[in-house]
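Quick heads-up: structures coming right below.
Both complexes shown next keep subunit A, but they swap its partner, so subunit B is in the first and subunit C is in the second.
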Partner chain A sequence: MSDGTGSDGARTLTAEGLSVEIGGARVVDDVSFIVRPGRVMALVGESGCGKSLTAYAILGLLPPAARLAGGRIRLGDTELLALSNRSLRHIRGREIAIIFQEPSASLDPLTTIGSQVAEAYRLHHDVGRAEAMAKARDMLADVGISDPDRRLHQYPFELSGGMCQRVMISIALINSPKVLVADEPTTALDVTIQAQILDLMKKLVAEHHTSIVFITHDMGVVADIADEVAVMYAGRIAEIAPVQALFSSPRHPYSALLLASVPRLDAAAKAELPTIEGTVPTAEEFGPGCRFADRCPLADQQCRTEQPPLFDCGTGHRAACWHIDRIGELSKQGTRVTA
Partner chain B sequence: MLRYIVNRLLQAVIAIFGVLTIVFVVMHLSGDPTLLLVPQDASAEVIANLRRQLGFDRPIGVQYLDYLGDLLRLDFGTSVVQRVPVSQIVAARVPYTIELAAGALAVALGLGIPIGVVMATRRGGWIERGLTAVVVTGQSVPTFLSGILLIAIFGVLLRWLPTSGTGSISALVMPSIALGSVSMATFARMTRIAILDELGKDYVRAATARGMRMDQTILRHVLRNASIPLITITALEIGNLLAGAVIIETVFAWPGIGLLAIQSIQARDFLVVQMIVLLISVVYVLTSVLADLIYGFVDPRIRLMR
Partner chain C sequence: MAIITFPLPRPRLPQMPLSVVLVAILFVVIVVLAVLAPWIAPQDPNDQSLLARLRPPGYTYRDVTYLLGTDDLGRDLLSRVLYGARISLAVSVLSVAVSTVVGVSLGMVAGWYRGWVETLIMRAVDIMMSIPAILLAVLTVAVLGPGFIKLVLVLGLTRWPRYTRVAFGQTLTVAGLPFIRASELAGAGAGRILIHHILPNIAGPILIVATAEFGLMILFESGLSFLGLGIQPPTPSWGSIMSVGRQYLERAPWIVFVPGACLFLLVFSVNVLGDWLRDWIDPRSRSR
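Here is the complex of A and B:
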């Protein structure tokens, strides 16, 4: 299987043929991508498409029901999936950090912000309490928390959701990890706060040269923050491309329809927002062919019986579709699609 | 926090007032409490005299206000049987029950919580199965039976511990175990549930993602969060222990208020019974309030509330 983007160069994190099973069903199937130093790789798709499981698999945090069914994840030269729990602990938080969708639930409600940030530092640095606390204070200031000296002694419930996510980001970045996995970090936040958090993440990535694996279902967020995008559908990568290429010329019908269903200010006010008919197949309904075939206007017999590989369609641009050459027919028919 | 405290204390006052009223109503349910006090074959004249002497011939409303007034002045009346103030009789027995309840609580907390922690963290092995057996046994064997079994084995058969009496630690061991075993099972189950509940929360996953060892996460974060529901349960269990003391004190001839209650019921010394009922009820209410206050202290969401 290819590495997803085709081009060579420095890579921070590589996923190869990653597969995850829940109860025998392949909910993540043969997912490969490369994360480059200081770049943002977005995994985008509807809920249940396997994007979060992919993220958790990187850190060995799969829920008990899920089983790793194959593939490799390399951080530099280290093969993560082969590591013992003990070795993995030294990677978690120090080399790869993660922030979650519900920032306030990810903090211990009974412990002060300061001790939680300082604790994250002391887990990987042999320093005293006072030194760690000073580091925590600087880190809080770094992520734009006002009055950090007071915040150190506050509890999570005293902070807004946006503030809590800043705290989570400070915890994630306090050990200067190479990779930050962000699992829908702005989904639970107000739109204005969302923009602030995204700006903060962009700034920190630039300063610390951290790579980000950004999980989201929001194409607007993807356009804002991502360098590369992997569009996932029903556990597989449908299309992977540099962000400009994906937005200007999507080659997989699912990506194209997904982009067409994003509301645009410049569209006619009364124009009906296109939707993709039908629903994502459940793991039990997966057929031998393309998993999008039942909802795809371009689907034919081959699509239903044979799984398409990722075809090259530009620099670092690949799409898993038998009909990447017929994508233009979609716009001729209009984007309103019937299953 | 201050408003929270005042609120809880006010609630306690209301609850205690309710308890006093219920005890009064129960005492007068039979219509004439005098009949509870006299022997079966007492003459009508004796009954009438006693009724007048105790004021039971007055209107019920007056009796009620009089009753509340007496209690407010902490006057619990004079025992018609022993002819000494009821408070004196009860006070002499209270230290024994405190000693027994403390011993039982130590057994319940000291064994129950560690068992619950181990059951929650070492799941699916023979350790968990063994502990489950201990918990189920503790929960299902009635107090009087476990008391008698303990006496038969350790008192009579092995002669390791005295079968009754007070005054030494060894005398306290068996009654404490017998009385505390049911609570021990409750604490073990509740601790297990509370910890499993916490282990499923996002902050535990987040701590793992930070590179924290599971045992560190449990010690630093999970136990404290899990302790909050246990505080409430401790308060409830103290009430249950006092109620259970009635049986255990009888089995072990332990001279606390439980045994006194039984003796007073048999002697028809109803003012003593009344005071014990009031005492246990008030302790029950006060431990609940205390639990709420401790709860507020542990949980910053309540402590910092304005």
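Here is the complex of A and C:
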């Protein structure tokens, strides 16, 4: 309520030094980022890099095995981690909403679409059932569901995956939250529907002035929807940058290699797709230095023993690498690999 | 743009297959007969006629025809079975209700909150289940004394652990599903999630336990009545009629056979209806 100006200083959501532990291992380590009003922040990384845990930490709903080990999360001026469960309930769904990867599994199979959308509204508004239903109907129409009057009385199993994701989006946005956390919302959908859902999200975000934390591993989706990108690797932010800066001049070797491994339409037909050698270290294998060192072509002794801080390398562009100035050597190596 | 309106789907009348319809009719008939017992019973169920004891069905004595025969005190078996249906139905329905409410709430709470709550409740379940229910019931009645309400409470409060086991396991499964997390993240509180989202999703297996328990309750009631700890004579219940008839099984088998057949038909119809109801709860199978 305080921001919404879109000016440079305004922040909707601030994460500072967020850390999550599972069984003593830091699976999310010192993650900080800022989400500005009406902007989309993408958290990108491989499976298990801690991007989803980061999102759940924001909502104060970590899985039972995980423990918050430190950090602060502020929504506007509210310190979320200091809130009781009861006050968090008033934030969840009204100020911060989330949509998931599996839309059909995220809806109660035994409750009609209408009741579920209406419930989301009634949880935070003191209105009668009829009024909430009318609101739900309008919201379903807003997210492009055809024939909303009929859909209200249908069950989730009668709808396609794309439809269910539209329903989830309408549940998430019916209270006009300040932040929408989208946890791989398009991964389970086919490409055509994926594009439609992304367009829909962009449109609705503009209408509702909602910021998005968009979690994905799909660089194509990032290019499509994000304003800023945080590339995560093994629980840490490797690089954080405006989307154009990241795509045109990545400064962390991991982001650079990741971008190089995205298939391109203009590449030579038979060219071998570059890959990143090795696998992500497990939590037990975390060394004292840079967690990407074992797979990094630029790594030296310092990388293995000392953890690199995030270095500034442009406006809003920071990378956690000791060799941000040697990134050029990588493309030469890259060509050698692909040739 | 042309406006096309679809008729809103109204909650449909349950569509039953013919076999289930027949069973449902049977069930309704039993319930109606039980309810109407005071008006349709040909005799006072406690009216004794010692000269007409242990008479077979169709026996006429002093212008009174005993359609289903008489028992050891010459009471009209038809009237006693009709009146007994009231007691047996009431005891089983109420005690199943008590144990369902207690057992399911405890099971859902244990499955939702986990931790020490789970330990407390589920260890209590283990203890309860390690003691034979009938023994527990006998002990309780022996201390509290017999009576209809006490019988219902004793049966209800000794049988809840089975429901708790099922509800606990089912709650664990359902609580881990994404849609529960989704509604938690939408700001729903524990009570709302448990009642609106978990309960309907675990109702199927609980219904199965409840219908199985329903028949058992009538049998337990008869067992306790037989021991003199349940319904007190001369009030008839199917269990007490059967337990008396057991002594005359060779001379007058109808005393056991008639209430036994009624019990069989009632339990059978409840089980069939329970199965059907479980399927019907799930909209995926309903909209065929």
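Quick notes on this one:
Going forward, the second predicted complex is superposed on the first by the 326 of 339 C-alpha atoms of A that agree within 3 Å, B and C clash if a C-alpha of one lies under 4 Å from a C-alpha of the other, contacts with A are read in each partner's own complex, and residues count from 1 in each chain.
What we mean here is this: a contact is a pair of C-beta atoms (placed from the backbone, for glycine too) under 8 Å apart; a residue touches a chain by one contact, two chains touch by 3 or more.
Everything numeric here is computed off the predicted structure, so don't read it as measured data.
Under the clash rule set out above, the superposition-derived model of subunit A with subunit B and subunit C contains a clash between the two partners.
Legend: residue contacts after superposition of the two complexes on their common chain; A:Leu273 is shown touching neither subunit B nor subunit C. Of the two partner chains placed around the shared chain by superposition, neither subunit B nor subunit C is touched by A:Ala82. In the superposed model, A:His124 lies in contact with both subunit B and subunit C. After overlaying the two complexes on the shared chain, residue contacts for A:Ala206 are found with neither subunit B nor subunit C. In the superposition on chain A, contact is made by A:His153 with subunit C only, not with subunit B. In the superposition on chain A, the residues of subunit A touched by subunit B in one structure and by subunit C in the other are 59, 61, 89-94, 97-98, 100, 102, 105-111, 119-120, 123-124, 155, 157-158, 168, 171.
Considering their complex, residues 59, 61, 64, 89-94, 97-98, 100, 102, 105-111, 119-120, 123-124, 147, 149-150, 153, 155, 157-158, 168, 171-172 of subunit A touch subunit C.
Note for the complex: subunit B touches subunit A at residues 201-203, 205-213, 220-221, 224-225, 298-301, 304. By the touch criterion given at the top, residues 59, 61, 89-94, 97-98, 100, 102, 105-111, 119-120, 123-124, 155, 157-158, 168, 171 of subunit A touch subunit B in their complex.
Residues of subunit C that touch subunit A in their complex: 5-6, 8-9, 114, 177-179, 181-189, 192, 196-197, 200-201, 281-284, 287.
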